Amino acid sequence: MAMAEITVAPLGTGSPSVSKYVAECHKVLQQTEGIKFQLTAMGTIIEGDLDKIFDTIKRLHEVPFDAGAQRVMTIVRLDDRRDKEISIEGKVRSVEDKL
Amino acid sequence: MAMAEITVAPLGTGSPSVSKYVAECHKVLQQTEGIKFQLTAMGTIIEGDLDKIFDTIKRLHEVPFDAGAQRVMTIVRLDDRRDKEISIEGKVRSVEDKL
Amino acid sequence: MAMAEITVAPLGTGSPSVSKYVAECHKVLQQTEGIKFQLTAMGTIIEGDLDKIFDTIKRLHEVPFDAGAQRVMTIVRLDDRRDKEISIEGKVRSVEDKL
Amino acid sequence: MAMAEITVAPLGTGSPSVSKYVAECHKVLQQTEGIKFQLTAMGTIIEGDLDKIFDTIKRLHEVPFDAGAQRVMTIVRLDDRRDKEISIEGKVRSVEDKL
């Protein structure tokens, strides 16, 4: 299990609002089996098998194009740890336990 | 009011765990007036006045050095919108309202 | 043709130096057909077909693990423009022409 | 001496092209003393004293607003190593020496 944060930003859409595109991405995520996901104010965090994460990133990157965008900047940060299992809740808890 | 996501990653620490450094960053955040912050599994989201955000990023960037790290990669994504007010809760709600 | 910048950062290695891992990544890139790539001081820029770019990112993400790392943070920024062709040289030239 | 890569992306402009904004950023950089900078196809790399780097990031973040943008996403990756001196040329050479 790995984790990724993805932010999909369409450029040149004429409006500074991007929530419409993010909502479309989340419709795709809701129909994707085998991953957990969490919306944050700065992107979406995905937890799952590494191949599944890459497939999901590819699909989300297409979403703004399907909605009419001509240019998309997709920002991904992948966190992959192989000495122990990581999870969205586990990583947050690990910090909170130290506070 | 602007928003930033910050991830502070020490390199070469000898252990793949970084939660200790993140917890130290959050101790600094708890003592910082004038910002809101939220811990996520992939970083920390900060909301506040733009100058305050930059000051906070500078302080957080020093935290792993103070804890002994020799190299720090700090990743920042700043979201600044001046046609309307943005907030951590408002951005998430704006997407959820469309779902 | 799309473009991506990729930075592969192993966490928890005993040394703050990462050039060894970057060099291993570039050995993989030298053997990869169908892409152009450029080393910068902050990462590697890849130009090519979108599927090829994703395949390459997946392969590069494995490189530090193959070299013994236990945790890898891979940072990707994808720039995909479909109203006109983009290239590594073209993008730089477009800015320089305006200076 | 530290190093940062900065990408300033205006959102909601009517055109997918951003080279105009990047060129304006480089006019600011040309007038900034005490830093080295390099344009790449995916951003701008800045080398200098840490405080100078932060000041420069703050100034570049304003450039698209001055040019009429209403929302700006600024992406920064800071690489700060304190066990040895780093430089734009040195980091690239260090990888090339291993190839």
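Letters A, B, C and D mark the chains in the order given here, with residues in each chain numbered from 1 onward.
Following the convention adopted for this analysis, a contact is a pair of C-beta atoms (placed from the backbone, for glycine too) under 8 Å apart; a residue touches a chain by one contact, two chains touch by 3 or more.
Keep in mind it's a predicted model, so treat the numbers as computed, not measured.
S.K.: Counting C-beta pairs in contact, does C-D beat A-C or the other way around?
M.R.: Most contacts of the two pairs: C-D.
S.K.: Farthest chain from subunit B, going by the mean of C-alpha atoms per chain?
M.R.: Relative to subunit B, the chain with the farthest C-alpha centre is C.
S.K.: Distance between subunit A and subunit C based on Cα centroids, please, to the nearest Å.
M.R.: It comes to 20 Å between the two C-alpha centres.
S.K.: Between subunit C and subunit D, what distance separates the C-alpha centroids? Give it in angstrom.
M.R.: 18
S.K.: Tell me, which residues of subunit C touch at least two other chains?
M.R.: Expected reply: 16-17, 70-71, 73, 75, 77, 79, 81, 83.
S.K.: Where on subunit A is subunit D touching in the complex?
M.R.: 9-18, 69-71, 73, 75
S.K.: Would you tell me which residues of subunit A are touching subunit C in their complex?
M.R.: Touch list, subunit A to subunit C: 50, 54, 57-58, 61, 65, 70-83.
S.K.: Along subunit A, where are the residues that touch subunit B in the complex?
M.R.: By the definition above, subunit A touches subunit B via 3, 5, 7, 16-17, 19-20, 22-23, 26-27, 30, 38-43, 45, 47, 75, 77, 79, 81, 83, 87-89, 91-92, 94-96, 98-99.
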